[in-house]
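Which chain is which? They are A, B, C, D, E and F, in the order written, and residues in each are numbered from 1.
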Amino acid sequence: MILDVAATNLLSPLILCFVLGLIAGAVKSDLEVPAPIAKGLSLYLMLAIGLKGGWSLAGSGVGWAAAPALLAAAGLSLLLPLPAYAFLRFGLGQDRPTAAAVAAHYGSISIVTFASAQAFLTQQGIGHEGYIVAMVAIMETPAIVTGIYLAQRGTTETNRHRGDLMREVLFNGSVMLLIGGLLIGWLTGGRGEAEVKPFFVDLFKGALCLFLLDIGLTVARRGAALRQLKAGLIAFGLMMPPVAAAAGLGTGLLLGLSLGGVTLLMLLCASASYIAVPAAMRLAVPKADPAIYMTLSLAVTFPFNITLGVPLYFAVARWALGA
Amino acid sequence: MQTFPRKKIELIVESAYLSPMLAMIDATGATGYTVIRDLIGRGRHGERGREALGENSNVLIIVICTPVIADRILEGSQRILGDGFGIVTVSDVQVLRAEHF
Amino acid sequence: MILDVAATNLLSPLILCFVLGLIAGAVKSDLEVPAPIAKGLSLYLMLAIGLKGGWSLAGSGVGWAAAPALLAAAGLSLLLPLPAYAFLRFGLGQDRPTAAAVAAHYGSISIVTFASAQAFLTQQGIGHEGYIVAMVAIMETPAIVTGIYLAQRGTTETNRHRGDLMREVLFNGSVMLLIGGLLIGWLTGGRGEAEVKPFFVDLFKGALCLFLLDIGLTVARRGAALRQLKAGLIAFGLMMPPVAAAAGLGTGLLLGLSLGGVTLLMLLCASASYIAVPAAMRLAVPKADPAIYMTLSLAVTFPFNITLGVPLYFAVARWALGA
Amino acid sequence: MILDVAATNLLSPLILCFVLGLIAGAVKSDLEVPAPIAKGLSLYLMLAIGLKGGWSLAGSGVGWAAAPALLAAAGLSLLLPLPAYAFLRFGLGQDRPTAAAVAAHYGSISIVTFASAQAFLTQQGIGHEGYIVAMVAIMETPAIVTGIYLAQRGTTETNRHRGDLMREVLFNGSVMLLIGGLLIGWLTGGRGEAEVKPFFVDLFKGALCLFLLDIGLTVARRGAALRQLKAGLIAFGLMMPPVAAAAGLGTGLLLGLSLGGVTLLMLLCASASYIAVPAAMRLAVPKADPAIYMTLSLAVTFPFNITLGVPLYFAVARWALGA
Amino acid sequence: MQTFPRKKIELIVESAYLSPMLAMIDATGATGYTVIRDLIGRGRHGERGREALGENSNVLIIVICTPVIADRILEGSQRILGDGFGIVTVSDVQVLRAEHF
Amino acid sequence: MQTFPRKKIELIVESAYLSPMLAMIDATGATGYTVIRDLIGRGRHGERGREALGENSNVLIIVICTPVIADRILEGSQRILGDGFGIVTVSDVQVLRAEHF
């Protein structure tokens, strides 16, 4: 049963495009997605995810029920870096800046992982709460604050203004698109959806295929750096997702989310950022080693989550909900 | 044509450092700057610029200025970069309109 | 009633995406649409507008009725800069090159404004003459000639060849795409439409959303320059559109256009270029101040037209036609 | 009858967009498709062609029947450069490196020519074997090997490693996308198709229009170089396609392909590369003159094939098959 | 290796000036040029290159040439630019193949 | 601030030569390189970089290094380019952190 589900996931065009990118990268093919195309695709995906969440909110109505969920999202993003940091710093003896930066990545989320899981659930005919998209947006950036706090604790150095940090956390491009899309979807409702559905809904999976091809290429390039990582770090990249997913499971059950909602929240917790957080860490924690956080997040945790993680978390959520 | 000696500073840094660098350059009194984006490069910190994700690319900032301002920019750049990623070079150039720099 | 229509316009995904861009720009978010994506979108939009016009021509047939309309379009583009110039130069005391350059912008048109209005009309279930698209193409560039004439009147200086100017007016990229698309649509008719409809028709509004997001970001960046403009100039940017729209109304009634046609012609007159004309003015009138013409056109007139202008001109046209 | 078919082909939006690009380029319009957009479109087209081939394979089943076809494809790509080289070197007295490089181009294929022909056949309601797409992929690169062999025969010089060459032949980006897409399509079958059809199938022709617009612009730019080519070379560019198509016809009949299959194989043989092979020749045969091979391939053979070639080969195939 | 002295001219101008500049450079007898597009920059005329609309971006034109041709290019650039936007610098470089420049 | 003299090598070559050039540069012991892509240019072999097809574009490779390594790169570049397309220039620059180059 779970193997069946896992196979369905692995044999989707999405995952296979990722694998194609991986292989092309591994054999050093000259295949390359131009950077503006990749950026354009990521803008499109985030706006589409926001809009779709908003339309589903407009359809179902949203009550005060969403408020605790949004608070919980912020809490998870702020707190998940703590166990990650503790393990990296005290378990593996990693230097403080790098441990803090890596931890920040695991508090935040990966939007492509989320999109893949959403596609998987649709394929299985499982719905989810519209406000999950708001949780996605909210989980993106608070982890940055925790990461910087962990990195600077006990030191006085800082090379950036508090204002810059606030801007990054609140007005980050991904956050703006997700929240903005959500509001636009919610305000325009079914009428708005009818107007732009061919672009934002129908094309979604195909565009995601192309983006995953590019991520596959990037992961393969990172793959070379894998060999230089200590085994302990790779173990962390594989174990942190299930641990974080467990936190997501507990929270999801407490919030009374549906099967789809619990699965997605587990996955959000399990996933690690590779867009917003690295950019922030470069500036805020320049002494952290990007080779470590980018490689762990992209080349270890991302592939694990989209291949095995999605069906695994789904199976566990189903079992926990007795569904 | 008559030309005048000035300094040309070239900073190659990660794109993450672009806005603090430009703010610093503005503060030194330089009359302008020019930026080339989307470079690829290799240095002590490995390869950069081949990934669309994570803003892992370099930019090249060019400033034409007087020796006095050049010195301020060199100092400012060291303050911002610290042990971070990037390289800085200075060279001599001739400019046409002295009053511009 | 008119408020109702205005609200419908304001609550469309198109306008809200523009507003999202505005906000993201205003809070200095790092959100950014890569330049090649924005250019690609604008190529797509112009070709699609051309094709759609051509298909509608092929369906409805076009007789000699269109000829006076096309002549009128050229005339409007050539003449509208004159009152604009007179007001700027003698009313506001603006220097000659800048007054001439700004005037040229208001004789030409904004294709995105046109596309937004078209979307609005479709939403209202109102059709329009297919050859309006030819009028759009024809109005793009003659204003450049007037602008250059106004700038150089009485002086002998010129740093460009007459041939270059002709090329810009006749073979400008936007003009080529609009006229080319129109002819292709007209030649291929319904059969051609069936082949490429999913790309050029179904995606149109969604792609326009993304483009408007980028324009919002650009307008916000320009917004900073607004404070440096004299109040008189801003007043010009707000008053010129209704004045020009009145000229469009008169012309439209004389030409016997339909409700949709009159509305669109008013809007074309009211709108100001920010792509073709600025590029031409940079070279042809280098002494004009781009901060003034770009800011007026983008940060004053464009937002006015797509938010309030569209429903306003629609209401006036309906009243004038007694429809 | 054939004229009718030719007219249908010439009046499709695809060919007309190519013509629009040609005209815009010829009048030196400032129309330009940003390079990343053109590259993105070509990635999209190749992946889509691969996927569509794979889905059709998954639907129809593929037996050992395909094996000889694939071998034949490799053989054609390896051998077609030989007559081309002989003619260029001994008939026209072209220098050895340039003759070899040009020959390599004609052994390989043009994916856009193929896509246009596919669109034409669909329009005519004619199907074809799914594994033709595998033949496309296989024909892309072996000609590079022949070209390099011809260029270096008798000399000892070489400035590249055998390993690099193998990588170019086997893992070239186009080859990866075509073969990768084919496998993904085949593995995911109808279910996969349903998921991503709006993106990879419905948009195909429209995206091809935009790409052909860009190719038209490029061909026009190359057009200037045409005047510098000797008449003999231009004659070669017009005669080689029918000659190679004859080889394709014979092979297609031997393989027992359908009408659509024979037409496409003729066209593949007739078409010349302008993406993969030029890039390889730059490095492998630096003494060859790119102005000659790019201009022949793009400005002579490509326009001939997509305008007259497609209906011509179709008519001949129909006659040969008595269909 | 043996190298030969030449001049390197760098012109940073708005993209609108690109084609007249290249035509002028061709006319001076220079053996070639190289252009970097899509720069961003700040100068006396404010920020440029951050907008996709209105072609508001800078280009950097590089020409390696003899001192004689350098002078022609300097003069030509002043004629075209006038009070327009842009800066021009000249510096000394060594080249490998003297006959190319 | 104290600066140290180094050499700056700039290679403008077709993008097809990029990877062999970078491999050669790595082999000389240079501490890094920076690459600007998507240039347009004209030289003895006509115009380049205006076509999206056929990879017909130029790249500019910058290497800051000691005179000894500069010489190795000059020789390596000649070996790779042969009569192929491209130009090479060397100039003097000052760097801030001598140990980096």
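Rule of thumb we're sticking to: a residue touches a chain if its C-beta (ideal position, glycine included) is under 8 Å from a C-beta of that chain, and two chains touch if they have at least 3 such contacts.
Keep in mind that what you see is a predicted model, and the values were worked out from it rather than measured.
Where touching is counted per the definition, the chains common to chain A and chain E are B, C.
Set side by side, the interfaces D-F and A-C show unequal numbers of C-beta pairs in contact, with more at A-C. Taking the mean of C-alpha positions as each chain's centre, the chain lying farthest from the centre of chain F is C. In the contact between chain B and chain E, the residue numbers used by both copies make up under half of all numbers at that interface. Here the CA centre of chain B is 39 Å from the CA centre of chain C.
Computed from the mean C-alpha positions, the centre of chain E lies at a distance of 19 Å from the centre of chain F. Counting only residues that touch two or more partner chains, chain B has 36, 38, 91-92.
In chain C, 33-37, 39, 198, 202-203, 279 are the positions where the chain touches two or more neighbouring chains simultaneously.
Taken pair by pair, the chains that touch are A-B, A-C, A-D, B-E, B-F, C-D, C-E, D-F, E-F. Partner chain F is touched in their complex by these residues of chain B: 10, 12, 36, 38-44, 49, 58, 60, 71, 74-75, 77-78, 87-92. Residue ranges of chain C in contact with chain E, taken from their complex: 33, 35, 38-39, 159-160, 214-215, 218, 221, 225, 274-275, 278-279, 282-283, 286-287, 290-291, 294, 298. Interface residues of chain A, counted against chain C in their complex, comprise 34-37, 39-40, 43-44, 47, 51, 167-168, 170-173, 176-177, 180-181, 183-184, 187-188, 192, 195-196, 198-200, 202-203, 279.
Remark: chain F residues 14, 16-17, 20, 38, 45-46, 50-57, 80, 82-85 touch chain D in the complex.
Taken in their complex, chain F has these residues touching chain B: 1, 3, 6, 8, 22, 26, 31-37, 62, 64, 91-97, 100-101.
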